[in-house]
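One structure is given here, and the rest of the page talks about it.
Naming follows writing order (A, B, C and D), and every chain is counted from residue 1.
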Amino acid sequence: MTLTDSLLDFFIETRAHTENLCKPLEIEDYVVQPIIDVSPPKWHLGHTTWFFEEFILKKYKPDYTVFNEDFSFVFNSYYETVGQRVVRADRGNLSRPSVSEVYAYRQHVTEAIKALVASVENKELDTVLEIGIHHEKQHQELLLTDIKYILGNNPLLPTYSNSIKEHQAATTQQEWLTVHEGVYDIGHNSSDFCYDNELGRHKFYLHDYAISNTLVTNAAFFAFIAAGGYQTFDLWHAEGWDWVKREQISAPLYWHKVDGVWHHYTLNGLQKIDPNTPVTHISYFEAFAFAQWKGSRLPTEFEWEAAQHLFSWGQRWEWTESAYLPYPNYKKADGALGEYNGKFMVNQKVLRGSSVATPNKHARPTYRNFFQTNLRWQFTGLRLAK
Amino acid sequence: MTLTDSLLDFFIETRAHTENLCKPLEIEDYVVQPIIDVSPPKWHLGHTTWFFEEFILKKYKPDYTVFNEDFSFVFNSYYETVGQRVVRADRGNLSRPSVSEVYAYRQHVTEAIKALVASVENKELDTVLEIGIHHEKQHQELLLTDIKYILGNNPLLPTYSNSIKEHQAATTQQEWLTVHEGVYDIGHNSSDFCYDNELGRHKFYLHDYAISNTLVTNAAFFAFIAAGGYQTFDLWHAEGWDWVKREQISAPLYWHKVDGVWHHYTLNGLQKIDPNTPVTHISYFEAFAFAQWKGSRLPTEFEWEAAQHLFSWGQRWEWTESAYLPYPNYKKADGALGEYNGKFMVNQKVLRGSSVATPNKHARPTYRNFFQTNLRWQFTGLRLAK
Amino acid sequence: MTLTDSLLDFFIETRAHTENLCKPLEIEDYVVQPIIDVSPPKWHLGHTTWFFEEFILKKYKPDYTVFNEDFSFVFNSYYETVGQRVVRADRGNLSRPSVSEVYAYRQHVTEAIKALVASVENKELDTVLEIGIHHEKQHQELLLTDIKYILGNNPLLPTYSNSIKEHQAATTQQEWLTVHEGVYDIGHNSSDFCYDNELGRHKFYLHDYAISNTLVTNAAFFAFIAAGGYQTFDLWHAEGWDWVKREQISAPLYWHKVDGVWHHYTLNGLQKIDPNTPVTHISYFEAFAFAQWKGSRLPTEFEWEAAQHLFSWGQRWEWTESAYLPYPNYKKADGALGEYNGKFMVNQKVLRGSSVATPNKHARPTYRNFFQTNLRWQFTGLRLAK
Amino acid sequence: MTLTDSLLDFFIETRAHTENLCKPLEIEDYVVQPIIDVSPPKWHLGHTTWFFEEFILKKYKPDYTVFNEDFSFVFNSYYETVGQRVVRADRGNLSRPSVSEVYAYRQHVTEAIKALVASVENKELDTVLEIGIHHEKQHQELLLTDIKYILGNNPLLPTYSNSIKEHQAATTQQEWLTVHEGVYDIGHNSSDFCYDNELGRHKFYLHDYAISNTLVTNAAFFAFIAAGGYQTFDLWHAEGWDWVKREQISAPLYWHKVDGVWHHYTLNGLQKIDPNTPVTHISYFEAFAFAQWKGSRLPTEFEWEAAQHLFSWGQRWEWTESAYLPYPNYKKADGALGEYNGKFMVNQKVLRGSSVATPNKHARPTYRNFFQTNLRWQFTGLRLAK
């Protein structure tokens, strides 16, 4: 099998997986946007498709017919200016194009890419195609967490699917793993795909530290709540404390006390919380306050990367103490693809690992995810360091 | 045919008409809420149904089984408190219940009402049933204007239907009709249905005035715009001027200049504006400023009612200069039905007449519609007085 | 004494009274603006002066030297555009011009007006001068209520003066005065000064009604609070209820419960509330809810004016049920003076009477004051009707 | 001279310097707060005094009489709860306590500290006293920048003083200084005073880099503006671009174009901008965009500290690319003093160096200042690295 063949398989598998994730949805679920951070599933379907149309088909396929000229501003997440007669509208206010039109758009573009790749040998095209596939995988993760938000904020609390498993208890005892002072290599170092923000492999000096082999559990978080953690202002950053008071936060997202017992909404519906599984849907602010309360701290992303071979990870995106910043010698790509990562490198925190929502072939030790410090709708968690 | 039979026919016709209005919609169109004033069509379908369930079936049908206990807080527009596990969500964020569930709910309630009315003779029930029917008719009007907003703010500007006619030119020349000073009787005065805000028929002293026999046209509004009406602050109320600047208003809602020519979105799609038809989708602020510019004024609701037999009306809800206030001896009904009108009697203006969106048997000379002074999504218009 | 002499005396007395009102202030008190509705005392001093400079001295005194060119945009409440290098700033952010400069400005203008009036005989000038004097008197009322707000929202609750008396118990028993149905004349009807909004004397038909001879007392308002009036949503307008919840209103402005006993801040400092004096510092929303709770209502401004000779008034501005609208045949004056009243005739309620803050020669039965429905910093009160 | 004597001198000099900074002010200037980030000068005078009263006099002077019990909540910047009768008010809304009362408070506390220090030998007290002095010095810097904001946003643009010199051209040519890869020691390392955020001296690995010996000049910033830097979205962070558009930013703070020529407000009044002096009053967002435009970048705080002995600094606080984070082994102090720095370590950027507003004995190579990325009212600047 040639590289291109294997890439084509990867493409086909990825396109199909996105659609599989939407199988349990009603048409209505594709449309809504309950908060600004959540995009309608319909938009994810269209935007990932637009990416292939805009950056591959328009450029490398001379006879390509654009599916619908209007879709470029509906599904472009980067646009700054729009045509004269267009009324600006938030994504969740767009009932059209309809879901079936969006699926037709997907099929049109998928087939056109397949035909193009079969007929052309072009290394540059392969590079962009690979980015497009990983871009779509990144959106698969968001798609699932956005679906959870859409259903989990509906008063009927509908079940998404019974076959997904969000939670798994650790199989080992909690232990502190110690790492010795010295210079470590940080960043991506192979010919496999990675994003530009992982490049610029460089040396980083770490002092002695210890990192937990397990994630913080719901049981530990019950204790934090019971100890008044959400009411103790000196555990929090000033900005975090403002957030707790303004938003009246008193538990992780999706937690509901039903007849005195903590439940949480999951993709399997409302369930009693299992104390032995890792806590999730917490903000950086909450992760930090919890660590303060334990007399401990969050690891930096460098500590995490240097130690990650010593413990298992992959259930929760793990908040780190590191701000999302460029590595030494970071180079932004030219043009629109250069907007991918660099422009977000301010006022966000790095998360490391991956989560139950991460699709296969998308997790790696050098991957840097990033979110604002108040966001909770991802499957976030935390691991302590000291 | 008995009174009850005739009411039953009225009920059946009304329920069917609501559903007919939704025939041209895609499932996705039922869900969205682009601005706070617009409700999703799905919500109108459910809310008008909930009204019959809550105020008739639960009370008068002892063996009635509620369709779904959760629907009462989803479709209740009056509720102040909700159950413990319910997450508050705006109407446009609710993908569930699905459209098909809502239609099932409608059918369940429609059938139950039909069975109840056929089996019981109860004058009190008839009264509430009649209110429920008129309540649904009122929502039909909102439903159509909300649909227009949903489609008209979509960048694809889809057509709703080609069979509806929004605009019709006046067939007579503009003239001033004069009305003589004296005491006039104002308010509802027959055994036909009316809302509580029309009752309290009373005397009102009017001074000599003149009122136009025609509505203001698009041609006249073109002239207002061309004369800089939207830039001339002394034509506006202070609050209106703030609104114009803050919202950057420079034309009626749905107007778009395409290649230098004024078009507007209509239920038939984007069309060139016919100068001879009445202007629509203007706020009270704009109606007032236009009248100021003409050296004229808006009629009061009393002037309108006293003169309405002298001219034709029914295409546009007409802004009046009158604030929405209780008539002398106005009595709020007891209980939840009493919330219907009285609690809105502050900081709104009265509109008289009716519009192309008004369903049959719903317009009458004493009907008092009312909206905030900045709202434009209804088929509003204006008639001058002096 | 000629008319002009008498006007000059009136002018001098008015200018002096404004300055007397400021005597108890510290320099710092002249500067702050704790809420948008309150203007710094310094601004009142300058704005009333600017009025005479702009509309009289610049026009009628050819050799007049403007005190400071920059003051026109600092003290003009009407301006829409300002010079290029000017930074827009809220009134309470302006530490300069200093208080002593403002007093110098006052003296400069006062002397110039005195010199002008002594030297010129001009009826038009007299008219504008009279308006300017009444304009300043209107600001005296605002000045005192703004001072109360500035001091009453300071945690030190400083006393303004011990010689002012805010509260006086009624000397008569509460009674219902009945007024008979018929046509009444409403509006100003003499050669004395009045504002344009009182003109257009016209006929108004009133039905039988009764109006209380006394204002609602603090004792009655204690009972309203004790009965849960602020928690009973069906006593309130929908917009009023939103306001109560959003602003967490649970008592009139300036009320504080100290050790279980209701106190209020007054111009004499913090005091125990006397139950027998009229309640004050309530919004229209609260006045309306109170009346609902009593099974009663507020009078209209027409009912008030037709009955006002039957009871004593003058302690509290009294909220009426009437929206602030133009009288029949209302004519806005030309030019800047025309902006005085007409542009506020929307979404406000009329208050009738006058208050302890009203300066002498400023109260009359036809005077129409007006405020938005949520405002409370004036000495407002209420009288019931039915 | 003993250590305590020298500390006492330091205390007296510091207290006097704060008051000297206020000498050119009018009473009115002490009161206003034009934006949330700026505190009224009166508040700085009181707050720095309260610090000594709260943390020294109340604790170490048994017979100390509190000057005014109410001042603790007026001048406490940390408080979470306030007494029952206290009305929450923003600092700029407080006309009382008056300026003269605040000066009396200062004198009362200054004298009490002098008496206490003269009578007691206590090392712990010395430590807190030293913190209090440095706390006041930190506020001196804010005081001067806040005064500049208060005067510079007044339309009269008054001069503060003619003896202060804000700007000085570099005396050397721009050059790139190269620093070699290796492990560097970062953080405070002497017995002199420093803040807790500078402690935890640690090793940091730096790769080869070059840093400019001079600050970016106004001339360079003119070029950035002329090249459309404020209109070129791909030079900016996404969050920075939102800020530019929302706030309509098109030049550094205090810049005004007068008759086509760039001027800026300075403490000496409005002046033509000297192209050869360092640009100031820019946000991090602007510093970053400028560096992007030059194909360069900002240094990290570690690069700055490792190289700072190679160039002169002290005119402008210099934005770095580093997020404000705890050093390895950072320990927050116990109690209220522990709130000093740690709780701000999120979503801010580090600035290094010092500025023309920095008082003597307050600048050092390890000092870490920090501000949110949109703030501009400090004397900020930038130095390029690559």
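Simple rule for what comes next: a contact is a pair of C-beta atoms (placed from the backbone, for glycine too) under 8 Å apart; a residue touches a chain by one contact, two chains touch by 3 or more.
Composition by chain, UniProt nomenclature: A, B, C, D = Ergothioneine biosynthesis protein EgtB.
Because the structure is predicted, anything quoted here is derived from the model rather than measured.
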Give me the set of chains touching subunit A intersected with the set touching subunit B.
none
Separation of subunit A from subunit C, taking each centre as the mean of its C-alpha atoms, in whole Å:
57
Where the centres are mean C-alpha positions, what is the separation of subunit A from subunit D, in Å?
37
What are the residues of subunit B that contact at least two other chains?
none
Chains as vertices, touching pairs as edges: which of line, ring, star, complete or other describes this one?
ring
Write out the stretch or stretches of subunit B touching subunit A in their complex.
26-34, 42, 70, 73-74, 82, 84-87, 89-90, 92-99, 150-158, 256-258, 270
Subunit C partner, complex, touching residues on subunit B are 80, 183, 202-205, 207, 209, 233-234, 236-241, 284-285, 288, 297, 321-323, 325-326, 328-329, 338-339, 343-347, 373
